[in-house]
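Below, chain A partners chain B and then partners chain C, in two separate complexes.
And now, the complex of A and B:
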């Protein structure tokens, strides 16, 4: 239903530039959506939904956000955790200050708040690049978390510092998606809808003029400026839209996944985790954001369970060391050998299949 | 810009760009010293000179990438001494580079589409929804870009990431990106460098066709004297950052100072 552009228009360029120009791709995507929206809620256990698929959806959203900024616009950021925290606290403040506000609006506005914060911390990007920009965004990360920890207003002066998401229903229904009464399935479907819509929007953005401007700045900023692209405006738009996604991801984390708003969830490790996701999944790929998030969430689970299944008895601390080693090796591998990550490997496989059985 | 006369030489109009007493230096290095010349509408003007003469620097001054310490640039009647490159682009100045400056990670088509960025006005929401103006713009501009693709005969490589293309084709894509902006003034920095005879002939044909069909004014840097003498209406000669001559190709060829510069009388940099 979302992908019907192709075939609706008569000109060939419209078909050529449809979001998924190849029929098989459309079928695969629709198949995945059908599985995600119908089969999984019916078949999956609540435990699997709550502990694996929810963080996967939330982190996919954050990875898309960072990928827009780093993978497409070429601006390295270590502030992802800070922008996610901004979204989470914005959602909390908005829903407690305005109890009547629909939860959909809360999520959207949390993203908008994060977008403005992103613009603010994106301003140095006009002058500094690469490593130095990463350090500047690191400052954003630490400053934002410090702010949310120190200023009581953000937590409504709660003494414990841990605050719960208030219960809210979907607009025009009485189905709870946040709070203790919300079922895991409802939360999952709500999160899935958000991710599906915003991933589609991201895909549209990167194939439109704004996406081309980002990539032009990434590939050669001087040439970009000489053909008329305004560097500051373009970089700030990347910071804004990227932070919007991270902000929504943060709100999802707090309201849909854990049910509580705590700064600790968005510390510097979170920023690195999202960065590793897009490196492994593929810089400059929306699909890669999902693959990277899936991979990084699934790997520790596989590593913890595989030895049991094989009848081996490996101590937990050894497993966590192995995990770090595998991540490290993979990140180095992808950075050096295949910066386009798992998404590129998938594409190579597809090209092989497309030509099969008559490769040239 | 309706040129009915087929002869390029005869439809040349008024001065469109005036370079007045431009001096540019980098620290101690004087790249340009007191350069003045004019570019007339619809003409092909070549800038020649030995390596390091200041040719590329001159183009960089014209499109606002370098800011000269002295002098002014008057473009379409507007005088200026400093401006941002993106502002020059918006005034109709496009260029290509001596060392190809394409967006390596993007396809040929996307590179050329990016050349139209100043003409695309839809907001990010309609782009995110791929709806309304956002979608219409994509399709309209794509149709225009396809005409450039046909013109430059690069149909077969339009979806290829430009980083994977051979040098000659990259130069062609870069010309396409500049043309996509529908510039009034096109600055070409050694568009034929490193090409074989056949590729050079193609590139000459494209340049002449652009000039002829769209009336685009062209300022060209080129080392191949055969090409320069063939396609230019006028030639400006630079040496050591100074202007040696500004004249018709024939007159320049006969100019003793120019001959000396090229034979390496003044320095050992024979081109």
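And now, the complex of A and C:
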């Protein structure tokens, strides 16, 4: 009743090609954007913005990146953390080497740097497939982190190895978005804008010819090759664009979320975290990347605070172990209940809404 | 220039000058490679029989070592503690089969892989909740002192570990080739459906395979635990076993052994002779790069089954 495409006629090609062809979808998306851009900065506390929404935005970006590679192009990668670190360090080097460069350009260029590194480590994917490739991408993860740790040039020869993001303003204004003077709200809005634009780009990308090529390679690469899809360009472009998103996410992590650039933030656990997000959220779904990121970010916070809310008094070290257990168990539970991820639940809900209030 | 010198000249000069030291490093590498093989074996067993890429092997190693050390701390005789820990691992294996694998039959491989990462988190947390998170000393009564063999120093403990690994592979080989269950396991590994159709109970077989992998994990855990102390970092040993695995091939037990030896030697030689050129600590990624280079020439690993693709 509420959600129904009957009666919505497409009278032009532009309407037929629209990214959200159904009016209700458009309303929901615009509603969410309005809430995210207007209601949340006004209503929510700084703490909520800085500790929950910022990591959510950053990790959604990384999840979109990995989802393009794993969910759409079918190349399993465990190097996400390495590519994020590349973006973070590229952003740091770019902004310190060229102090006049606009921060927007720094973010996008650091994504481009990560994309080139991604291409480099994507080359083995032409020979290696499946889990062999997944383990091979671990080489990227370990090698890149080692490189940033060892080579002083990347940290401008800082002795502690932890460096803070330089303060920068948005182009044509004097509003700080990075550095200690930036307000949390400004950082949030900047991150949100980046995520919104790049998510829209990703949504368009996956329905363009390049996205369809990725899916063909994912579904059966030999068959795709036979119908004329070049595996070299397709796989490497998937690695490049995925690493671009991960690189921008890494730059966001360092500049907007924590304010400091450190290799430890991008270790192997970060890669697994992003992989969890896209599996729980839904492989091959942009919406799923957001849902998964939200779930994986919110779950540990809930688990940490649950004993207090329930009035239980458990020692801290036991809590952290039990947290691990519950986290693992919930992952397994979700995989068993809905292997297609949270995005699938949303589809089921849409089906139900289409029929509501009549059951058949 | 100095980098090129440190990379292309110095190491070879060193090797030529001190051949005995080089041999010592190689033997040290071989023996530590055996330790990697021990962990990689568990992966191979499960991948062969059920096609699951079991990331939880590292957590199983940790859990087994924690239980083993925990039982010893409770005052149980080491031999009984080993048996008890073995029973615990069998319990874990059966629980995994019941709860996780049975519910995820016919799902894509990546979902099963994710599930094993979930198991990793669960086992890491469970083990430390149960047995505490402080470092446990596991003393098997084997001296760690090096012995002198014709001018070359070899760590006694590493020799013992190599003997254990050899024995384990022998036992596994006999188990797989000669026993009824072993034959059933090989049949399942070859073809699930064909095995089912001739009446081999798939679920029982999976439980057995996971139990065997758990026992292999227990042996690996006991060895690593005696070497490094039983602590959380044992779970990270799995990350060392992964390059061994792709080098040797996911489906080959000899591959796991040979892969482990290659990685062990390569890593030690590179660290000792080429580490200086890169500024040290290259052990973290060297194994992966080595495996990657091998994979570019043999995408299925050294001993893996040839990948045949049909459209």
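Points to keep in mind about this one:
Note that the second predicted complex is superposed on the first by the 319 of 360 C-alpha atoms of A that agree within 3 Å, B and C clash if a C-alpha of one lies under 4 Å from a C-alpha of the other, contacts with A are read in each partner's own complex, and residues count from 1 in each chain.
As a convention for this text, a residue touches a chain if its C-beta (ideal position, glycine included) is under 8 Å from a C-beta of that chain, and two chains touch if they have at least 3 such contacts.
Note that the coordinates shown come from a computational prediction; the quantities given were computed from them, not determined experimentally.
When the two complexes are overlaid on their common chain A, residue A:13 makes contact with chain B while staying clear of chain C.
Comparing chain C and chain B on the residues of chain A they touch gives the larger count to C. Contacts of A:201 after superposition on the shared chain: chain B is touched, whereas chain C is not.
By the touch criterion stated above, A:352 is placed in contact with neither chain B nor chain C. In the superposed model, A:237 lies in contact with chain B only, and not with chain C. Applying the stated contact rule after C-alpha superposition, one finds that A:218 touches chain B and leaves chain C untouched.
Of the two partner chains placed by superposition, chain B and chain C are both touched by A:226.
Of the two partner chains placed around the shared chain by superposition, chain C is the only one that A:275 touches, whereas chain B remains out of contact.
By the document's definition of touching, neither partner reaches A:308: not chain B, not chain C.
Applying the stated touch rule to the two superposed structures, the overlap between the chain B and chain C interfaces on chain A comprises residues 220, 222-223, 226.
Within the complex, the chain B residues that touch chain A are 63, 65, 84-86, 88-90, 94-95, 97, 101-106, 110, 113-118, 120, 122, 124, 127-130, 134, 137-139, 142-143, 146, 177-178, 181. Here chain C touches chain A in the complex through residues 53, 99-100, 103-104, 107-111, 113-115, 117-126, 128-129, 133, 239, 242-243, 245-246, 250, 278-282, 284-285, 288-289, 291-292, 295-296, 299-301, 307, 309-311, going by the rule given at the top.
Those residues of chain A whose C-beta lies close enough to touch chain C in the complex are 70, 76, 124, 127-132, 134-136, 138-139, 142-143, 145-146, 150-151, 220, 222-223, 226, 268, 272, 275-276, 279, 283, 317-318, 321-332, 335-336, 339. For chain A in complex with chain B, the residues that touch the partner chain are 5, 9, 11, 13-14, 17, 19, 201-202, 204-205, 207-213, 215-216, 218-220, 222-231, 237, 241, 284.
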